[in-house]
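What follows is a set of structures for review.
In what comes next, subunit A is part of two complexes: it sits with subunit B in the first one and with subunit C in the second one.
Up next is the complex of A and B:
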C-alpha cells in the first residue's frame, strides 16, 4: 500500500471578528495509490475546505492551525513554498470543480485552456501541445476534437465543459484527482457518463481520486473507501461496502435513511431534523448531539473520539465507546 | 480586429461614433493641410467678422481665422485626451489590479488614498494641481491624469473582485498558473470591457476638463489654440459675435458625442457572450 496522500490531524480555523472558530477539526485520512476515496457530507460539513486545503487554495480568513498533508509520503503540502506548490498544482494533483459553466475562462478558445496546463508543466512545442490536447479530448469522449479546439466555452453544453475540465485535469497525468462535486450541476443522464469516464480514465492513468460529494449514490457508484464528514469532523470512515451494509454513526444512518428508494411510496421522505451547527455555535460535546436521536448526557458534555467498530471501520460516536480507542 | 469591424458595422449608432472619432483624428493629424491659415496669423483688417467665404467660421477679436484655430485645436484636445487618460487609466489599472487581487491591507491603503482624491470635485482638484505645478500643456495633462486615476482604480478594482470570484480563476490557480500570470492572462482580459468603456467616457471627460481648465485660464495658455481657450476669449463678445463661441462649442460637443456613442456600443461589442 503506497499512500498518495495522507492528511494528518488537520485542523482549520476561521478568523472572524477577531476570534477564531474551528471549521475543520482533526481530520485524518489516507488515500492509497489508484484508490477511489470519497468524502460525503451535507453543505457546510467542511468537505470542500478539506479539498481546498490540499491544494493550498484556502481563502484568506481560513488558516491551517495544525496538521500535515503529506503527498507521496514526503512533501508536506501545508509547508511547501509557493513556487514548489505551483509545480504540484495541475501536475501532481489536479482538481475538477462543481460548476462547469464558470470553470472555463470565457475569453479563450478551448485549445488555449487545455494547452495552458502544459505550458506551465513541462517544455512542449506548440505543435506537441496541440497534438496532446486533441488526443486528450478524444479520450474524454469528444467526437469532433479538432473543431472543438477553436470553440469558446459558451458554445458548449455543461456536460461537454465538464469533459473538457476532466481533460485539463488529467492531461498532465496527475497522481491525484480531486473532484469537488463534479456532477452536481449536470443532468442525471450526463452524471453517470461523467462518473464512468472519470473512473475509466483514472484507472488507465493510475490516478487516485478524491471524490467530494453530498450524493451517496455517487459514492456507491465510484468509490472504494469513504469518509463521512459532519461539521468539520470525520464521523465515520470505512469501506464503501461496510458503510452501506453496516452504517454505525447515527448521522450516517440518517443520511442513508434520507435517500428514498424508488418504488417505496409508503413512507415520507426522511430528513434529519435541524441543520449543521455553524462554527460559532459549537459547544464542547459531540457536534451531532443536538440532532441525534440517541444522544445521551455524555454526548452533550464530551466530544467522542473515533472508535473502532469492526475491521477497517471507525465511528465517532459514544454508542461504541466500549470498544478500543484508536484515535484521540 | 476583423470581427470587431464586422460587428461594428451592424451597430449603426456605434458606427456613427466611430466614424466621427476617425474624422476628428484625421483632422488632428492633417491640421496643417486642412486649415487655410495659421492659427496665430492675425488679419487686422478683418477683426470680429462673421462667417464669410474667406473665413468660413468668421474671425475673432484679433482677426484670427476661427476655422483654422478649431482645426489646430483638435490636436491639443486629442493630445490632452489621449495622454491624460493614458496616465489616469495606466495608474488606475495598476492600482485597481493590486487592490482587487490582493485585497487586505494594500487594498485598504490604496482605496483610502483614492477616497481622499474622490472627496474633491474634479475641476477643483485639477485646478489645485495646476496651481501647484504651474499652467502649461504638460501640467494640464498630468493634472487631468491624476484626477482620473481614482475613477479608474475603482472601476478596475470592482471588476477584478467580481472576476476573481469566478471558478475559472480558482481552476487556473489549481492547474498551477502563478498569480502574476493569472492577473495578466485571466483577470486583465476579463475586466477589459468595463475598462475600455471607462476609457472612452474618460476621453470625452478629459477633453471637457481641458476645455474647462483653459476656460478658467489655467490650462493651455494663449495664443495656443485650444477649444477651451477660444471659449474663454469669446465669452465677452458672445452677444454681438456669437460665431466666436458657437463653433468651438460645436467642436467640443461633436467630439464628446462621438466618443460617448462609440464607448456605448463598444461595451456591447466587447461582451464575449455576444461573439
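Up next is the complex of A and C:
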C-alpha cells in the first residue's frame, strides 16, 4: 500500500491573548492510494482545521506546533516553501468546501473559475482550457455545459454550484481530494447524487478522498476507513465495518446511538449530554470525561493514549487500558 | 438597462423642480437684494424701486418664478444681474475648469489611495498598516487650506517655484494649464485619498474573510491573483460609492481651493454671486450643480452593474 498522505503527530495551537491553546493534539492518520478516508466529529472537533492544515491554509492565529504532513512519502507539506505549496494546491491536492453558495467568486462567470485552475497549473491555450472545462462540466453531470460556462454563480442552484466545485477540484486530476462537509448545505435529494458523483469520478481518476463530515451516514456510504475526532484528538480509528459493527469509544457509541434511534420510533432521540469543551476549558484528563457515562477517576486525571482494541482498530479510552499502546 | 436609465432620467424632472423652487425661494428670503448691492447704502428708495422694477423683482414671487423657469426650460438661464453676461455660457466655461480639477484630483487620489489601502489590508496590524492608517487619518483631517498654504510656501521658499498666474485652458496651452492645475489637484487629491484609503482597507479586509477567497487559495492562486483579481474587484462597490460622492461634491465647486489658487471655477462664481445677491446666477448655478450631482450618481449606479453581475436594473 502506498500512502498518499500521512499525518504524523500533528498538533496545532491557537494563539490568543498572548497565550497558546491546543486545538489539535497529536493526530496521526494515513491515507492510501485510491482510499476513501473519513473523519467524523461534531462541530469544534478539529476536523476542518486538520484539513486546512494539509492545504497549509490555516488562518493566522493558528499555528502548527509540531508534526509532519507527508505527501507521497516525501514532501513534508508543513515545511514546503510557499512557491512549492502553490503547485500542490489545486493540482496534487484539491478541496471542496461546505458552502457552495459562498465558495465561488460572485463576480466571475463559471468559465473563468474553472479555467483559472488550469491557468495556475499548466500551459494550455485558451481553446484547450475551454474544451477541458466543458468536458469536465459534462463529467460532473451538467447537461448544458456550454451555456453554463457564461453564467454566474448566483444564477445557479446549490447542487449545481457544488458540481462546479467538484469540477474545479478534479480538473487537474489531483492525487487527493479533501471534501469538507460537501453535502451538508444541500437538499437531502441532492446529497446522494453529489456523493455518488464524487465516488465515481475519484474511482476513474485514481484519486484518494479525505471526507470530512459530522454525518455518519455519509461515512457509511462513501468511506473505507474512518477516524472519529473529538476535541482535537482522534478518539477512534478503524475500518468503516469495524466502526459500525463494533464501536469501542464511548463517544463513538454515543454518536451511533444518536443516529440509530432515528429508525426506532419507540425510543426518544438519543443525544450526548453537554458540548465539546473549548480549547480554553481543557484540563489534564480525557477530553471526553465530562460527557462520558463511564468516566472514572483516572479519566479525569490522565489523558488516555490510543489503545489497540482489535485488528486494525484503535481507541483512545481507559476502558481498554490493558491492551497494547499504539502511540502516545 | 436602457429602460432603467430612461426612468432615472425622468426622475430628474421632480428632483430639479424641487431644487429650483427651493433655491428660488431661499434667495428671496435672504435679506438684501441685487438692487441694494448695486446702488449701495445711500441709494434713494425711488431708485431702488426703479431698479427692482427693471429686474422684475416687484412682481409676485410665483410670477417671477414662472418667468424664470420658462426661460430655463427653453435653455435661456437669463443674464447676470451684475454683469449682464449670459448665465449658462458662464457656468459652462467655469465648469470646464472645475471638471478638469476634479478629474486630476480624483486620479491623484486613486493612485495614492488604492495601492496603499490594499497594502494596509494585506499587512494588517503591522507597522506598514499603522503607517498607512496614520497617513489616511492625516489626509482626512488636515484642512485643505492649511495644506494648500504650506505647499505654496514650501515651494516658493525652498524651491523658488510658484505656479503661473492667470488661468489658461487645457486646449490653449496644455503645459501651462497643467502647471496651474497640479498644485490644487494635489491638495484636493490627498484629502480625497484619505477616505478612499480607509474604505479600500476595510472593504478588502471584509472580502478576505469570505469563503470564496479560501476557494481561490485552495486552487493554488498566487497571492497577487487573490488580491488583485478577486479581493480588490469584490471590494470595489463601497469604494466606488465613496468616490462617486467625492466627485459629485467636487464638481459643485471648491470655494476655498479656488480662492487660494485664484482659479475661476464654479465655486468662485457661486460665492461671488451669493454675496452680490445675483439671483439669476445663483439659481442657474445651483440647478446646474444639482443636475451634475444626479448624473454622477446615475453613472456610479451604471458602473455598479458592470462591476457586479448580481446588480441588474430593470
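One rule holds for everything that comes next: the second predicted complex is superposed on the first by the 324 of 328 C-alpha atoms of A that agree within 3 Å, B and C clash if a C-alpha of one lies under 4 Å from a C-alpha of the other, contacts with A are read in each partner's own complex, and residues count from 1 in each chain.
Convention: contacts are C-beta pairs under 8 Å (C-beta built on N, C-alpha and C of every residue); 3 or more make two chains touch, one makes a residue touch a chain.
Nothing here was measured: the structure is a model prediction, and the numbers come from that model.
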Superposition on subunit A - do subunit B and subunit C clash or fit: clash
Contacts of A:55 with subunit B and subunit C, given as first, second, both or neither: both
Touching partner for A:269 - first (subunit B), second (subunit C), both, neither: neither
Contacts of A:121 with subunit B and subunit C, given as first, second, both or neither: both
First, second, both or neither for A:102, with subunit B first and subunit C second: both
Which of subunit B and subunit C A:90 touches, first, second, both or neither: both
Shared subunit A surface residues [contacts with subunit B and with subunit C]: 55, 57, 86-91, 94-95, 97, 99, 102-107, 116-117, 120-121, 152, 154, 165, 168
Residues of subunit A that touch subunit B when the two form their complex: 55, 57, 60, 86-91, 94-95, 97-99, 102-107, 116-117, 120-121, 152, 154, 165, 168-169
Residues of subunit B that touch subunit A when the two form their complex: 103-104, 166-168, 170-178, 181, 185-186, 189-190, 272-273, 275
Contact set on subunit C toward subunit A in their complex: 210-212, 214-222, 225, 230, 233-234, 307-310
Touching residues (chain side subunit A, partner subunit C) in the complex: 55, 57, 86-91, 94-95, 97, 99, 102-109, 116-117, 120-121, 152, 154, 165, 168
